[in-house]
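Shared between the two complexes below is subunit A, which pairs with subunit B and subunit C, respectively.
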Partner chain A sequence: MRAVRPWLWLLPAGALVVPLFFLPVAFLLRNSVYRDDPMRFLVPDFTFANYITVLTDAYYLKVFSNSLGLAALVSVLALVLAYPYAQLITRASERMRLLLLWMVCLPLYVSIIMRVFGWIVIIGDAGVLNQLLLKLGLVKTPLHIMFEFEGMVIGMLHRYFPLMVLPLLSSLQKIDPSVLRSSTNLGAGRVRTWLWVVLPLSIPGAVAGIQLVFAGVLSDYVIPMLMGSTRFPIIAPTIFQEASTNASWATAGALGVVLLALVLAINVVANALIARAAPWTLRS
Partner chain B sequence: MTAENPAAELELRDVRKAYNGYLALDRCSLNLSKGEVVALLGPSGCGKSTLLNLIAGFEQPDFGNVVLRGQVIDGVPPHRRNVAMVFQNYALFPHMTVADNIAYGLKARRMPKAEWRDRVARTIGLLKLTGLEARYPAQLSGGQRQRVAVARAIVIDPDILLLDEAFSALDRNLRDQTQLELSLLLRRLSITTVIVTHDQQEAFALADRIAVMRDGRIAQIGRPQEVYREPSDSYVLRFLGRANSLPGAVDPHGGGRIVRIGGGISFPPDPAVAPSPDGAVWVHLRTEDITLSSVPTAVHQEMPARVVLATSLGSQQRIVLRLDDIQIVLEMPSSSIQNWDCLRIDSEVYVEFDPRACIIDKRESH
Partner chain C sequence: MSRFSARLPGLALNGYGFVLTAFITLPMLFPVAVAFTNGDSLAFPPQGLSLRWFAAALDNRQFMTGLRLSLLIAAGSTAIATVAGVCAAMAIGRYQFRGRVLIQAVVMLPLSLPAIVLGLGLLFVLPLYGLRTGMLATMLGHALLGLPYVLSMVLAALSNYDPTLERASLNLGAGPVRTFFSVTLPLIRGGILAGALATFLLSFDNISLSLFLSKNDTLPLRMMQQMQSYADPGVAALSTILLVFSLAGLLILVPRMGRAK
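Then we have the complex of A and B:
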């Protein structure tokens, strides 16, 4: 039998990825070196002026620092919440484990818009939470959470929590129970076993989770638009604003490329982090 | 080192353990004196691992006590017992180097760094791990991993060392060599040790005493030669070494004094068998306790057996005979065979054995 040319297998995936991903990215790169012209929309050029603008202008710098800070905050919160949750799943019975996993994956099955409306019902000014707090006399005026920084953080956490739990869980489940037993057997109590064995062995999962959540939050558009506040601008809505409202496609392109570079940089940093914090995973 | 030593290092008193109504251990008692090596030998599910887990503290007995140096230690959590275990898969810490793996138990005991460094270095030398200190477990061979697991356990100077099928992952030559080295080491350091194994050779290679276990009970315990030569019942005989279980019958006219096997073998059982209505029995006899003769023997006078297979096992020769429809397997040292002619296929031979070597059980005949 004649061997099929191996690259033929790339065709189905390539047919999707090339026009729908690589081509738009190529346009983005091209736009970023073109020039915005108030009269003529986008003018062909080869200039780094757009990059200089987005990397020096105080407003854009604020947008980047906001975004990076938010991504870091959500990653840390998700990590802190995900550890006990994932740990609970590893120790639960078979039925309970399925239920807990299903609960964490459930948001992935529901449209993001529907979830945001759900949050309006819960944390909106007239929502369930504020009704309860007012009734109990804990607050005098409703807490402004929705359409504020806090609301955005809650939305982001909800959206990206599964992406933290799942890799962390896979890391925790890979730990051989007899390794934990041998730690106890050698004289380490529960706390020390967790700190010396479980925590270090789960680092690859934690780093993978941080990578996914950080990149997700950094480039999220829907949550800041629907749950956030314009007083705390972040990257994706800003890019949209430049492109649609200001018709500055070149500036938007440069912002997009910088965002792409940031996400790539995070991956590089994360891999370096694994190499340093979990050297045993690199050798065989 | 005998069981009668009054100052028992480890004592199991009548321990019992059940899981969901399944009795894993049923009133087991065991005494170990200081430096003694005892092997718990039995098939899987006989309760030997449960016994080990009770000593390590991973399980608590439902009934009875585990006593260490006169102190009842039931309820003491595993990390507060000075009992070290070598796990079947070694359970090394994959994220720690060899040196860190070995230092683990000492760090957990908050030993000052200067002191644990010293002890780790000494143990590394003792187990011939020099030069591998900075390697991760994934970078070691099976034999090296096993030595790290042993090093990590003995470095804490445990009151009791537990070995849970610790050699089963090694190939045969390496296993023999490792068993020999460990046996020497245990004696040199005088470490009280409990070995769990299903491999009789491992038990014989390492243990001062062997406890053969069956269905959650200790069927027999004693020095290896004692247990091997004087098995308490057919279970122990069949578990240690290779044995024939031949269907026989008690001669109805002999008053229980004559047992027949097939058409040709008849012998006076020792001790005499209690006569039963149908007289059907199993005769259990080790393959090595049978010899061959070309002329009738004391136990085999009529109707010779026929050789159906003769194979060499190296130092041993294994011969399979057929008598009526009964198959008899025997093994003899190749060096003891003078008359190779009678080992040819289809040659007619007579078997010879000492009736005292047989264990006779009742047989349900249907």
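Then we have the complex of A and C:
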């Protein structure tokens, strides 16, 4: 009786995860080896032709390289911008720290539509930034940022910034102040202490942040649709377009499986990196 | 002068913090300002003050039916995810059994599945359960997305207190059901609340899964369509109303989460 009890507790979660997670993924895998037929819906088959198309066709290759490049760019920008910010939060007074934490978390509670709307007002062609630049005489014609690659980068950076700050913060806050004191007592200056104590101890947070931002950017549909340009196609809108507009369910399936594999690979690499850089975080 | 230069790094860091805080908050403040405009454009500063876009947003049938539907979906998916997540956390946090770590990893998996990929698969599975795209399908999909959040937050709450409290309750003669409801649940209330809130927000703001599972009629999808066809300040007005409600909700809920520890 005691042995079945945990499994009884697991029943409701199982009733969600098995039919709504495992079966859909299984169907996706199945679709990806079926064949798209222009006349009919989706033809049962067992072929890797869709994968070959998706991984060799120039257009899809561009979509993948665009997506990976963008994800890498946004991750690096987020890390560089978030690190000093996280340090600022750890050093701030109690009240200031609370205020800054609220600021960081606020976007998570505001609808993504509202945030995009705000960016239109700020970086749109007639937006606040362009008005300011024109008035100052810094540009002659408005800068084209919104609905371009740059606009998409800004939107993504804003959307995923909290996901970089929060893990960094948790790493930085775990550092025992006595470790820093002993480093100073042993004669290391501020810079050396930061380089040899703070930085290595914060690697787990940085890796976790990069993982979250990278995977988020790769799977994002909304920002590219509302802030990006069709001249820079990326993966999630492409999958939706293949499925809904082109009704190429097999191709969409293969693209989806590749995206899923990429995201899982990122998770595996990140966990391995954390285990190497910070073996003390592993549970015994 | 030398004292000033010694303080320079600190000042630079503070200035940087100010600029970045502006970067984070401004995109949420400008729509509020634009919502009060009397003009028809999204220009800032607003041309004259009026509440007419608020009236327009509240009169918009597309928005109001979308709002009702999104609230129902969010409430339903939150209830489902919370029950499933709390139960799973009890199994994983309170029992030792074979495959415990694996099960935890499996329940956390939906977190790393891109919603667009999940939607693509779910679309083919729905007919198996006699479901079509619509409210129930969307609710179930969102519940799956919320499950990992509830599980992780309730697990954290469970590990924060001493399991001997439960044993004491059992030894004193309370049954397992009574122990669960009057000892365990109150102790993990903060974690449950945090997980439920995360699920609600995630569902209420979801676009990439609703795209496949709903009839394109949830509030975020309606707002997205509106923004793509004609960008008028109505979306800003509606967003502002939602922002006020969600901030009020946060101010009520967040203190309760901390206190329950």
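By our rule, the second predicted complex is superposed on the first by the 271 of 284 C-alpha atoms of A that agree within 3 Å, B and C clash if a C-alpha of one lies under 4 Å from a C-alpha of the other, contacts with A are read in each partner's own complex, and residues count from 1 in each chain.
The criterion applied here is as follows: contacts are C-beta pairs under 8 Å (C-beta built on N, C-alpha and C of every residue); 3 or more make two chains touch, one makes a residue touch a chain.
If you're wondering where the values come from, they're calculated on a predicted model, not measured in any experiment.
**Student:** Tell me the contact category for A:L138 with respect to subunit B and subunit C: first, second, both or neither.
**Tutor:** After superposition on chain A, A:L138 lies in contact with neither partner.
**Student:** Determine, under the contact definition given at the top, whether A:L88 touches first (subunit B), second (subunit C), both, or neither.
**Tutor:** A:L88 contacts subunit C only, not subunit B.
**Student:** Quick check on the superposed pair: does A:Y109 touch subunit B, subunit C, both, or neither? Answer first, second, both or neither.
**Tutor:** A:Y109: touches subunit C, not subunit B.
**Student:** Tell me the contact category for A:Y221 with respect to subunit B and subunit C: first, second, both or neither.
**Tutor:** So A:Y221 only meets subunit C here.
**Student:** Who contacts more of subunit A, subunit B or subunit C?
**Tutor:** Touching more residues of subunit A than the other partner does is C.
**Student:** Who does A:V268 touch here: subunit B (first), subunit C (second), both, or neither?
**Tutor:** In the superposed model, A:V268 contacts neither subunit B nor subunit C.
**Student:** Is A:P19 in contact with subunit B, with subunit C, with both, or with neither (first, second, both, neither)?
**Tutor:** second
**Student:** Is A:S183 touching anything from subunit B or subunit C once the two structures are fitted on A? First, second, both or neither.
**Tutor:** In the superposition, A:S183 touches subunit B alone.
**Student:** Can you give me the overlap between the subunit B contact set and the subunit C contact set on subunit A?
**Tutor:** none
**Student:** For the complex, which residues does subunit B have touching subunit A?
**Tutor:** Residue list for subunit B touching subunit A: 56, 58, 77-80, 82-85, 87-89, 91-96, 104-105, 108-109, 136, 138-139, 152-153, 156.
**Student:** Looking at the complex, which residues from subunit A come into contact with subunit C?
**Tutor:** Spelled out, the residues of subunit A in touch with subunit C are 3, 5-13, 15-17, 19-21, 23-28, 31, 81, 84-85, 87-88, 100, 103-104, 106-122, 124, 126-128, 158, 161, 215, 218-222, 225-226, 236, 239-240, 243, 249, 252-253, 256-257, 259-260, 263-264, 267.
**Student:** So in the complex, which bits of subunit A are touching subunit B?
**Tutor:** Spelled out, the residues of subunit A in touch with subunit B are 176, 178-179, 181-189, 192, 196-197, 200-201, 278-280, 283-284.
**Student:** So in the complex, which bits of subunit C are touching subunit A?
**Tutor:** Listed in rising order, the residues are 13-14, 16-17, 20-21, 23-31, 34, 41-44, 80-81, 83-85, 87-88, 90-92, 94-95, 97, 100, 103, 106-107, 109-110, 112-118, 120-125, 128-129, 140-141, 143-144, 147, 151, 201, 204-205, 207-208, 211, 220, 223-224, 227-228, 231, 235-236, 239-240, 242-243, 246-247, 250.
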